Amino acid sequence: MDVVEFRPRPEQYAWTFGGAAPTHRIKPGTALRLWTEDAFSGRLQRTSDLPSQVLDMTEVNPQTGPFFVEGAEPGDTLAVHIAELTPARDWAASSTIPFFGALTGTDRTALLQQPLPEQTWIYQLDRAAGTVLFEAQRSTLRLELPLAPMLGTIGVAPAGREVRTSLVPDKFGGNMDTPEMRAGTTCYLGVNVEGALFSVGDGHYRQGEGESCGTAVEGAMDVTLVVDLIKGGAPEWPRLEHDEDYCVVGSSRPLEDAWRASQVGMVGWLGELYGLDPLDAYQLLTQISRSPLANVVDTNYSAVTRVEKALLPAADAYEGVHRRLSELARTI
Amino acid sequence: MDVVEFRPRPEQYAWTFGGAAPTHRIKPGTALRLWTEDAFSGRLQRTSDLPSQVLDMTEVNPQTGPFFVEGAEPGDTLAVHIAELTPARDWAASSTIPFFGALTGTDRTALLQQPLPEQTWIYQLDRAAGTVLFEAQRSTLRLELPLAPMLGTIGVAPAGREVRTSLVPDKFGGNMDTPEMRAGTTCYLGVNVEGALFSVGDGHYRQGEGESCGTAVEGAMDVTLVVDLIKGGAPEWPRLEHDEDYCVVGSSRPLEDAWRASQVGMVGWLGELYGLDPLDAYQLLTQISRSPLANVVDTNYSAVTRVEKALLPAADAYEGVHRRLSELARTI
Amino acid sequence: MDVVEFRPRPEQYAWTFGGAAPTHRIKPGTALRLWTEDAFSGRLQRTSDLPSQVLDMTEVNPQTGPFFVEGAEPGDTLAVHIAELTPARDWAASSTIPFFGALTGTDRTALLQQPLPEQTWIYQLDRAAGTVLFEAQRSTLRLELPLAPMLGTIGVAPAGREVRTSLVPDKFGGNMDTPEMRAGTTCYLGVNVEGALFSVGDGHYRQGEGESCGTAVEGAMDVTLVVDLIKGGAPEWPRLEHDEDYCVVGSSRPLEDAWRASQVGMVGWLGELYGLDPLDAYQLLTQISRSPLANVVDTNYSAVTRVEKALLPAADAYEGVHRRLSELARTI
Amino acid sequence: MDVVEFRPRPEQYAWTFGGAAPTHRIKPGTALRLWTEDAFSGRLQRTSDLPSQVLDMTEVNPQTGPFFVEGAEPGDTLAVHIAELTPARDWAASSTIPFFGALTGTDRTALLQQPLPEQTWIYQLDRAAGTVLFEAQRSTLRLELPLAPMLGTIGVAPAGREVRTSLVPDKFGGNMDTPEMRAGTTCYLGVNVEGALFSVGDGHYRQGEGESCGTAVEGAMDVTLVVDLIKGGAPEWPRLEHDEDYCVVGSSRPLEDAWRASQVGMVGWLGELYGLDPLDAYQLLTQISRSPLANVVDTNYSAVTRVEKALLPAADAYEGVHRRLSELARTI
């Protein structure tokens, strides 16, 4: 197995999906050992660092990549398996940002109220315990929370000649910010341009569903991926597979539309897996769907439909790619 | 402990929250052994029964109650603990209903497309195995699914002199349709009128998050409750407590607003429990929230914010009512 | 023509649609000379009166009525023609109310920001000039604005046994807050209960489309109506007719759903008037619709679809009721 | 005055905002005589032409431009005055497109219903009468409708390194589809990149507010513009000025957010023009706003806030640019 290692220098970061020249060309079957900078570009380091003072909003959510996958053509399906996610620093940061987040007016939910106060929280990592430490800044609680590393952002170049900021999720993936994107996940993305041009970033040491204040426990991440290519079969919306379940991620506004997209996506996937008529799939999904929100803060919101494999007959999605990549991942 | 048993006759059903005369007056601390008819009023019995032919849409979602709780005054908090939920029949029904459901145009998401086909699914119960049987009607899958009984509807009389159909969820509770409403749940509802006037109904033998097609595995239910009253402290939105977690349920449209209500409700609850400043609670919630959808089909959508007690310091919500009611429940 | 005059005393106000005993029984063809109190129940009288201090939120938006219309049965269409609207006072009030309005977080768009400041504006009327005077409170502009009297609220008792606050608009009409509801308007409402039980209130001396801050130029109003009954033909959503145009008002959330309801309603009305196939009506409406918003502040938002008669062939909606009532109105 | 004439060949069309090389460099003060192809790229020519058969969805909504405006820098304000819009053909087309439009499920309002039928309407122009002829295809109405030419699309290169399809409206303008964009309009757009890189397209011979079915009376257009540059002052959302009024266009989802953006934008503009405190501007706007919808069909919906100059004191927005460009326009 080819293994590519890459730790981008700041001038090598990508800030968009599409529109950035590939840093590498890789063959399907390649493993990638990557480093990703945090979504603040590493600029939020202590609780006295306020976003409005230290951030450059044109340089947030840096991506590692993009990678040109040889043979990938529009209509194909890129399979990216997350073999391992390891915090690359011993601390991480989170912050309220003026007019950004779910529980504040924003540039789009445009209101006349004053912004919430800017506040930064720094989380110290305890690798032995597998925890990060929440320390209240305006009251007194200290709380060790379990590490639960995930990637906020993974995506390919968009369709329709578009170039999209790394801050937005859509059909091409992008900044979906779902805790389902963890080690052990295989992410299936429809290819829109030759070479797929995928990139990753936005490591979170943990995140709740919805990412309420807009920023998770944001930290640099060591990321190990195995990449494969499936000819044809491009899903309209990103699909995820774990050992335990299938997920579809929809991203739009209002939130019900993001969720509807994920539901219709899952009706389709259940149809592919089990030959189910759409109405039967709709009925079955009604009784078994898990519907954990991903983010309610980005320009598109993201919602997940998840179904447990244990409830379903055995099946081999994409001819068992997930199982094969999981096995490969153990050999890196 | 007083124990009241009640199996309403059809003419005793309530169809609204508010506006119905109480069937019983009970003291705080009373246990209730109730029977609830299914949301179809028992009229959907075989796969050939189509909603447009057999349902009377003015008689759907019958409620058992309301119960007048002595001493309950506006501003108080009603605590209803679900001790036990047992399917009262050996079958249950689900159905698509024209222009109702999440993946179809409706009377409010008003579109010009033809309705989806009407289709009814009947689920047979296997009590020994603890399962219900899904049988595809337009394709071939048969699947045993675990029983997971829950109550779709629990609520009190609304504020503002209103009388609301049992089909809608709102601040008064009502048709929230969340799988979190299961045996072991204590539901806290703000009291709006003297006596609280709460009722329950809409048993589901199981339901996915979102209740996509609009109807769960709908079945008559034997329901055992223990009821208590907390003076003052009325929450704006319904709160739930399990042994394992706290939940707040928001109900509105669009879906982001339902979820925002549940999030702000949880920011408030965390503040009450731990003396957390709202901004600290917002930050903590960002990293620990579970956000499972409840329903995306009713006139208001319902979304849940859930936090696990295991992540938090020990606390006694409402001075330990949940624990006390759980213990009482075991003695009935 | 029967003419009924009624100036309710405060204890006679209705606060809901449905659930209030009729103040009068009238025959179709009756004229009503009514007085309506303003939405603040007259409690906001000077700029130093702040809503949080002087309002009783359980007594806002008082209604005059309800009127029991003899012969009205569910499925019928009530036609209420507004013959005249005359400001009943020489001043009117508007105010920001904490967590209410379109450009602030609310109880449903639940956010963590501080409320906007409370501020009250008093408008003096110049009857000769036909204007009200806007006086900025925190800056210096003074501006005479043309009087444009309208009724914020007109509705019948709801379906489904419901009783709804006078603050909400829905299929039964209610607090639609559209400037289209002015002298010369015939409002068609589907009857849900015997007698229809309609009431009116919430006079505005003028209002912009959307009613941004949540309160218009609110003032007591002298209201002259002529009421008629059309057997059958109940529209799903309120319809309005002027000499110049037809309107349908949809009320829901999100705002696109309110508007979709009004559009589908107009597709239906154009079909009734001209025998148009729905797809042809959709196409025609695409090219001629006016879409002025009504309110984006109430529990349901209201949107209007309006089409100009001048663009269309001559037609007699409801067999010319509007023309007949307009003529009758001139004879009162 | 420099006058540039340009009729692009098909291989010169731009399909995006941003990402396309400029076809011309122009100085502020230049007049442009342009031709724009229709949104169907001219491929829908008779009622038997169905979108699914004749359209290439990667080549819809072609733009004429982009134009590099010398001296334009990020933060500046581009003023584009529409001097004249003349239909360039004697016919125009409109069509339903599967899963596109306001009254159907779409890729984002993802539902399981069958699509609406595809249907194409061709409108014949009567230049002498100033009308287009609507001919029902599935029923019998024929109706002459007044010509009301407008531009669906005008925009600059987006911020944040993005390249956006010409089908979407956002802060950079784009496919706003508002009937307010007619001859006599000055459109103010914030500049995001050096040279501004603006383009225009999507001529409509007329369109209702909301563009319900998704396509207006689409036709090739002769477009005369005068372009100017204002240093600084970039508005967050596009502003329009007519002789009679000021408008702000917001574009987002859900529709209330699009409208909120336009309202907050107008609160700001009123503040700039009259020194009004935001709360006073909010109050004034509440009483005078016109709120005509633009489109409820694109990936972002667009809503307009409009205020009539006749209601306001005299003012010179941007030091009278609109008046100056209007005068220049008469001299071309």
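Before moving on, here are some points about what is shown:
As written, the chains take the letters A, B, C and D, and residue 1 is the first residue of each chain.
Everything that follows uses one rule, which is that a residue touches a chain if its C-beta (ideal position, glycine included) is under 8 Å from a C-beta of that chain, and two chains touch if they have at least 3 such contacts.
In this text, all values refer to a predicted model and were calculated from it rather than measured experimentally.
Here the chain-to-chain distance from chain A to chain C, counted in touching steps, is 1.
The pair from A-B, B-D or C-D that reproduces the interface of A-C, where over half of the contact pairs by residue number are the same, turns out to be B-D. Centre to centre, using the average C-alpha position, chain A and chain B are separated by 32 Å. Averaged C-alpha coordinates give centres for chain B and chain C that are 34 Å from one another. For chain C, the set of residues that touch two or more other chains comprises 103, 109-112, 116, 253-254, 260, 263-264, 267, 279, 282.
Interface of chain D with chain A (complex): residues 15-16, 18-19, 58, 107-112, 160-165, 167, 236, 250, 252-254, 257, 260-261, 263-265, 267, 278-279, 282. Taken together, the chain B residues at the contact with chain D in this complex read 103-105, 109-116, 254. Residues of chain B that touch chain A in their complex: 94, 96, 101-103, 116-117, 119, 121, 134, 136-141, 143, 145-146, 206-217, 253-256, 259-260, 263-264, 267, 274-277, 279-280, 282-293, 296, 301, 303, 305, 311-313.
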